[in-house]
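Worksheet for the structure shown next.
As written, the chain order gives the labels A, B and C, with residue 1 at the start of each chain.
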């Protein structure tokens, strides 16, 4: 997906010469292609600049005409017939150092926010330019609505919340002290020390979502962090960048969902469940409170433990261990 | 208890005809009783509307004259002699869909807040109508004090806090980013999807309580969430709706207390202790850091582990397991 | 270290007579020494008042001339030749009840903040007197910068943050809802109930540090809480008072670091790692997500589990237990 112009602006199109300068490569390597914006590799569009840091042999074989993809020059690309590949030493770092300079938050300078006359906005709230607040929405004291953000009808945005780079559906509730759309936690090495990876994605809350107090939902790096319709999330939860949660799911307090996780419809996570990066939790699956999940949970299954496995196995382990130790104690 | 008129207002008394319309039942079923307000079943008063969703055979046999209690029509109530029972298909849902329409937050429109001349209020703080701030209290920048809230003498309300539906005693400290009185996490099915249960209770912090930074204390659904005198709660803790914590208790960082829990005087919970709904922790009990508590802890006992049990048993299990595995390693 | 006059002010020097009154002791016991300020025992300077609550036989044998140290009168100090010791019943309580009365937050009344012309400050932010904001710094909506706080060049201070008693380096990022410099969690008995220990230290974030959303970093009790260069901390983390984190370290979401912990350079803590008070984590050590750490981790080692030990031992335990239980199930 191309980055959303409601939230990000580039310094203007880059023709092959500009791009070659920014990437420190030969303009001839760019095959006459200009780029208009950034995109994620998975669904880049014509005019997007993206990067692929996988192996050449795992190349999925697609890139739209008119897109440019930065790839690793240490791989052998000779048998790949896709146009638009630019070979560089470190495509990821090259992409982000270009983007950091070229892309910034869209401020919508001459576009005052559109606030529906039936919306209620606390005098102390800050609504940025380019934002839109739907009918019946309620924006509570000290809420900060960032540039370009959309808030649907009947939604309640609690006190001391920040909502940035986000599209919020109808009848959503965000309780006090919750922060949406901050940078995700992604790191790379830069100049010999840890550096943050910039983020260009969004947060999308579908209709009927509730987020408790003191939660955080980070925006995608490229692409979206999405929470599906009527999903209910308790206080003190954290949803990482690019994670996708389905509909009617439940996440109890302190649920800590890392980046790029998927959680199916109707899944239920007990309190203090931790989920590692890229894990998939199937539709209707349940995870016991306190579990640490490092592997995928099939649809409909119930898991528990630390590290988590099928709940029956975990319970057997707990009971068996208890029994061994009690026996030994008695026999002495 | 009847809901507190300092925080909630109804749309006016409902006579049997009004009530029958709202509940979609026959006015004759209401026996001529009007209701003035909502109450919790456990301690309903005359004029309260409440609900009971237990079995008829478990009916505790009491309801004050002049109260109305919604009960499940699928149960057999013929042998129950209490007046004021109204049989409905789903009493809980009927109660909350009526209340959602009938009850709203009291705004105290013509009642500016009373701020003691010796209190110190940051210019950026918002103090709502009907609130009262005691002598020597300190309200820090960006604090939001909701309608009708009482803050006692010498209390410090930190920056970026919200205090709603709450009665705060003397010499209480609430550190930055802590939110009191938000909706608890309660769910019901509504129109085929998850819906939030409305909350009509309060938060009560007794004298000398300290709450750390980034905590959340949800108000009761019907009834109160209470923290007793001189109890000290560290950063990042969460106290669920209708939970009652005694005096001089300690809850270390990330303590996650679910709904309707009781914690006795002088109990001590180490860091990151999770407590399941309706669990009782006895007076002076101790729970080791990181424990997941799913059962009651008797007074004076020390528990630990995940799931938690008596600490000695847990320690024996940990050591025994370590020994088994070390032996095996050596013997190879 | 003497408490920092940028953040704290005393009620003026105390000569032996004043001090004797405040400590309820004989002025002659003070040997003619006046005190100017408070200090921590470990690095007290001339003119500091400090306390030592260890045993006389463990006395480290040093106190600068012109400092006063409160010690426990139940110990035998006759063989200790250091000047400036004042024997009291409860030196810790005596110290803090004196300090609570004598020391307060410095407000810098006549010293408006210095904001670099190239800094960007949201109109809703509050910058206190005595603060300084560096070139290129960005202070977002509803941020609260306390008296005397220094913010370095190019740093981003997110929305709804509070930064108090803190010195912030260059190119630091603090995401939304994070609170720095609040009181640490320290308790003592006072008048038969729990009481909070006052805090007189600071928070220091070195250059290039990133703190995620909804974090808390408490200031030192006496002395500093320090986070080293380019260390990256995810959302929902808590760093306790007097903890020192090295450079290029990583702490993933919900990392809960208690008081007086040390974490070496390049150490990496997975999500939801809890660390007990006074634990030392060596340089380059790694701790698996979800671990509860109660002992020191040597440099370069990888630990995991609850309670945590070397990761290989933990993994063997997990697998062995799984195998025992699966066998038994099969054999039935």
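Miscellaneous remarks
The criterion applied here is as follows: contacts are C-beta pairs under 8 Å (C-beta built on N, C-alpha and C of every residue); 3 or more make two chains touch, one makes a residue touch a chain.
Remember, predicted model here, so these are calculated numbers, not experimental data.
Ignoring chain B while keeping the rest fixed, chain connectivity by touch leaves one piece. With angles rounded to a multiple of 5, the C-alpha fit of chain B against chain C returns 120 degrees of rotation. Centre-to-centre separation between chain A and chain C, using Cα means, comes to 33 Å.
In chain A, the residues that touch at least two other chains are 124, 142, 160, 177, 214, 236, 254, 272, 306, 321. By the touch criterion given at the top, residues 124, 126, 142, 144, 160, 162, 177, 179, 182-183, 185, 187, 193-196, 214-216, 218, 236, 238, 240, 254, 256, 258, 272, 274, 276, 292, 294, 306-307, 309, 313, 316-317, 320-321 of chain C touch chain B in their complex.
Residue ranges on chain B touching chain C, taken from their complex, read 122, 124, 140-142, 158-160, 173, 175-177, 208, 210, 212-214, 229-232, 234-236, 247-248, 250, 252-254, 271-272, 289-290, 306, 318, 321-322, 324-326, 328-329.
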